[in-house]
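So, here come the structures, one by one.
Both complexes below contain chain A, partnered by chain B and then by chain C.
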Partner chain A sequence: MKEQPIMQVRNLVKEYPVHGGIGRNRQGAAVKAVSDISFTIRKGETFSLVGESGCGKTTLGRCLVRGIEATSGQVLYYTDEGVEVDFLQAKKQEYKAIRQNIQMIFQDPYSSLNPRMTVYDIISEPLRALSTLTKSEIDERVVEMARRTGLNISYLRRYPHAFSGGQRQRIGIARALITNPKVIVCDEAVSALDVSIQAQIINLLKDLQQQYQMTYVFISHDLSVVKHISDRIAVMYLGRIVELAPTEELFGQPKHPYSEALLLSVPNPDPTVRRERVILQGEVPNPANPPEGCHFHPRCPYKTALCETSAPELRDAGEGRLVACHHADQLKLKGITEAIPV
Partner chain B sequence: MKAETATAKQSQDLLQVEELNIHFPTDHGMLKAVNGVSFNVYRGKTLGIVGESGCGKSITGKAIIGIQPKTSAISGSIKLGDVDLVKLKRNGREIRAIRGSKIAMIFQEPMAAFSPLYTIGNQIMESILLHRTKNKKEAAMLTVDILQRVGISNPEKRFHQYPHEFSGGMMQRAMIAMALSCEPELLIADEPTTALDVTIQAQVLDLMKQLQREFGMAIVFITHDLGIVAEMCDEVAVMYLGKIVEQATVREIYKNPKHPYTRGLLRSIPTIGSRKERLESIEGTVPIPINMPPMCGFFDRCQDRIPGVCDKREVPETQLSDNHRVSCFLYADTDNETEILS
Partner chain C sequence: MKTRLSGTTSWSRLFFRRPATNNAEESYYAASHWKLMLRKLMKHKLARISLYVLAMMYLMVIFANIIAPQGLDSYDSENLNSRPSKLHWVDPQGNFHFIPFVYGLKSSRDPVTLRKIFVEDKQKWYPIQFFVKGTEYKFLGLIPGNVHLFGVEDPGRIFVFGTDSLGRDLFSRIVLGSQVSLTIPLVGVSISFFLGLLIGGISGYFGGFIDTVIQRVIEIIRSFPTLPLWMALSAAIPPRVPIVHMFFYITIIMAFIEWTELARVVRSKFMALRNEDYVMSARISGVSNARIIRVHLVPGFMSYLVVTMTLAIPAMIIGETAMSFLGLGIRSPAASWGVLLQEAQQMENVALYPWKLIPLGFVIITVLAFNFLGDGLRDAADPYK
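What follows is the complex of A and B.
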């Protein structure tokens, strides 16, 4: 079942115009936040996008729900009947129909809920905007969703300020689930929460996924959470996917030097196990002026002359993995093996 | 003999915090943000303070350099050598002589901690001019030197730049430079890497370890990330609701956690080295510490609570071994208890 595609992204590009100078010297340039990305999301899986700030993961996520209009490319959605529709080209009625199936959960539970709307209004808004249900049907759905996400029904007439961070995130989840979506884009959905609350929300997301057979696109910078929740992971760097692999394979043996560095720089919460670390030099370059060739080469410990001039294609590396590195086959990179207690 | 070891241990002591209380009067009653906290910081060692938001860890750090909010009432003692920092006049001559020179602090948000109106060099030079030299030329040279030591390339040029020209990681390095410019004996680091990406976080943590070896200072590391604690600290204090519920060496805390909260916390984090199907979460949320009756603050969320005991009086502290103490009725021995009650 997990082999069937539910969404497919083809050559997606999102550019932001940048203006420098004033008057006659004004120049127009563009930052490629997402540059020519293609991948497939399978039905029922949790597909994660990881990377550091500025790598384009949030922009990509928003393009999937059309929160941001992409510059070019396609986002194909497969309906239940197996019909392929380009969501980016969908017009009004079609848009509404598909949009009910693709919902989003946001990072910051404080700014993603309108403080002047009651919880009831917030949760029911997607239905009022996208569906043709009657008022009593909406009522029923809201109450059901509140129950499923662990919200107290007697608090539905309250405003968001009366809730804690974890509770607010539950409201955000109820709002996303109300239209019975097939795909949910979770943009750093648990990053702002304390660890004990974070575990509650992760468990809730997992339970709901099982109940409703949903597909998650999980965007995060926290690799521990990503490892825990995902089936497949795409690692992004400066607007491109550098590696895409099933979770176990990626963590066991990464094939891209950036994935390796990312994995090995996560602090390990076990003082008895010393892990080898790769500490990258330098910082993520300015996306308005990315380096020639492979974007990662200025920080890469394994770079050669080839990397400075030619950009590697994302190519098949076997076992359902994709990698964009000239030397992926020669490199023996270190992954994270199961912790062995000393 | 005994007296000798006692003095030997005392000479290792740098800072002694005893029975520290920080209370905020509110309309609804007294908010006890920090409630009877005691710990020692030893020369050249790192003490980690962990806990979730609102547990009082940051304000404890701030109180050490006397920058807790004006509205708070503080009692107890914070001894640096023979000086009790709590008794010093707020912003008086004495505390100003200590702040920056003997005890320095770095903050979570480097962007918010620097003034946007002055150059980086100017701001770092300020504390050097206050504490080390009156000669501006010499101070500028010392500043360039310290910038170099924290790994900022081209320090002469960077000296004249403004905060907006720095990236997040560079700013955090600059803040560390500012804190270390007067070679303090104690550095208080309040979530210094929380706002940074993992690869940059690894760089900054590495830098802090290296500088600690060079300067031999003690660090109080305030964080919510148990992975960082395992990597950086010698000793850990776990805080919950304004109290230290457990304190031990790092190894002891991770291998032999005693308090139900510490255990819950360790179980609820996803780690990249192990595979768990489901995270164990701590049920419920942190209560607000206003008008709390004398009882264990963790009672409502605790799996091992003893009704009739834990919710009836203050929890006594039990010394389990030389380097492990815990505040929980599960470990309270009766002799000790009667002593405390009498």
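What follows is the complex of A and C.
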């Protein structure tokens, strides 16, 4: 059922200019925060992007929603009629139409709500900017959305400073959903919240996904958050996808050494079970100056001479999986289910 | 749920009406940024006191003609360099007077220095009267009047702060001078405000080459030593211009230097706010650029701009005072506190007639009050902490 594509990312690149020392910018120097990424998001699924901090998840997410302009590449969006439109090139009316369908939930519920606007103004802003609804229609939608996201109607005339992180995130969700979008990019939507509240918000997001048949692109640095909600997971390292696989398969048997390392660094919720932990060695390399060959080789326990010189392509590894490792077929990597003796 | 929501009820009316139980908590939650800021400001003791002091100062500006017992040009050749009048409540016979009075003055010579001094003539006393008729004036430059808040009957004289070398009442001149000294900074800051908002906004919004050019120009202006700059600029003012023009020129000179600071604040806040998540969020919600600037960016730094403006006022007051003191600014017959201080340029004048330094006290109090207020505002500018 979840086979139809809703978005397709093609060769997306985002570079940030680097300021070299004092004075003039060094010509051409740039951080490739996202370098040549391609993947497809299927209608109705939850697609997760995971990776260590600084690997370019936020940048990728923001390019998808066009919060920042990508340096090059395409973000194709498939409308209900099955028409393929490049969102990054869309103008005027077309832009407005797709814009309503692609929204974002932010990581920090404090800085993502304008402290000078009432909750009503915050939630209704996308509708006021994008739709032609009348005032009372907007009011109705806002009240309905407040209900669905668990906000009291009397909260609507308050300002954000009246609320805790969890409630603020509900406001952010209500705002993102007010235009009935098809795709929501959740950038670390729960990372800033207390653990007890994380679960509430995740459940809310799941319920809303059911109700409105939305597609989620869920960004997180934490695999344990992603595990229970994702259909497929893309593991990112230094601006590239190194592995893409359905959740079960990725957790059961990762094919990229970096995925294995990430999986095994997830703390086990059951303290009686001891897990052999492969702690990632070394630092994340500077993205402005990435290593030669496979970007992961300086930290990889399985590296060979080949890895130091040649960068592996992201290739098909069967069962709907993609992996970027020269030795993916030979390596026998440990997933979580394997490492835990039952 | 559907049925309850449908219908023609305007929901906005429903939730924007003040709830019947308007408790303190709810009013805090529904308080806007400015309300919170004011609330926090009022908790800052020095700032609150300063606010009252400044309110009194500006009441003095508005009602200057009424408060001052004399006009700007009034002089009394009998009473040159007269010391401040003493108020008395008990007459030589030992009777208590509820309304204070001043004695008449007669001149005599100091037996040691042989200098002319004034002694009180205990034979004549003049009780203070309120709302007396005196010099003609135009209230706020429009309404003619001649009533003064207080005074004494002729030929009595009341000099609250003494007189200057021409026999002019210093108190009256301080009060009337405040009209110049306290409005120049306000007008100057307003001009700086528009220049700063415009140029700083352009600099912060466009960035790149334009930004670089503007920043270099600002650096050049700011690196001028102020004194020679004033001299050069005021040399450019024609020598015999009407007072109103003079006032205008001085304001422009002050604003010419001050806007740079405001432009910098606007620019840096603009750049910082441009990267706020809520601005990104507005863009993703399809809000137009113009509206993002108007609704999300400008209100975001307005409170910081108010702080900077408040803190810029003292520099302007001191600037105007210094210019006028040096004879580069406001010139007689117009008066400002700086003009009044010109008499304090000679050491002997200060030593013999120390009351001539009183205008300095007004300058200091006003400058301190603006500084404290600015401090309080700065603390209150981010009221969510």
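Heads up, the rule we're going with is that the second predicted complex is superposed on the first by the 329 of 342 C-alpha atoms of A that agree within 3 Å, B and C clash if a C-alpha of one lies under 4 Å from a C-alpha of the other, contacts with A are read in each partner's own complex, and residues count from 1 in each chain.
The rule we apply is simple: a residue touches a chain if its C-beta (ideal position, glycine included) is under 8 Å from a C-beta of that chain, and two chains touch if they have at least 3 such contacts.
Here the structure is a predicted model, which is why all the values come from computation and not from measurement.
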item: Fit-or-clash call for chain B and chain C when the two complexes are aligned on chain A; value: fit
item: Touching partner for A:Q198 - first (chain B), second (chain C), both, neither; value: first
item: Partner chain(s) touched by A:R62 [first = chain B, second = chain C, both, neither]; value: second
item: Three-chain overlay, vertex chain A: chain B-chain C angle, C-alpha, nearest 10 degrees; value: 70
item: Chain B versus chain C as contact partner of A:P126, first or second or both or neither; value: second
item: Which of chain B and chain C A:R99 touches, first, second, both or neither; value: second
item: Partner chain(s) touched by A:N114 [first = chain B, second = chain C, both, neither]; value: second
item: First (chain B), second (chain C), both or neither touched by A:A261; value: first
item: Which superposed partner A:A90 touches (first chain B, second chain C, both, neither); value: neither
item: First, second, both or neither for A:I336, with chain B first and chain C second; value: first
item: Which of chain B and chain C A:S224 touches, first, second, both or neither; value: first
item: Smallest separation in angstrom, by C-alpha atoms, between chain B and chain C in the superposition; value: 11
item: Sites on chain A touched by chain C in the complex; value: 62, 65-68, 96, 99-100, 103-104, 106-108, 111-118, 120, 125-126, 129-130, 135-136, 139-140, 142-144, 147, 153-154, 156-159, 161-162, 172, 175
item: Residue ranges of chain A touching chain B (in the complex, touch as defined); value: 52-53, 164, 166-167, 194-200, 202-203, 206, 221, 223-225, 227-229, 251, 261-263, 265-273, 277, 279-280, 283-284, 336-339
item: Chain B to chain A touching residues, read off their complex; value: 52-53, 167, 169-170, 197-203, 205-206, 224-231, 250-251, 254-255, 264-266, 268-276, 278-283, 285-286
item: Chain C residues within the chain A interface of the complex; value: 1, 5-6, 8-12, 14-16, 19, 26, 28-33, 36, 276-278, 280-288, 291, 295-296, 299-300, 384
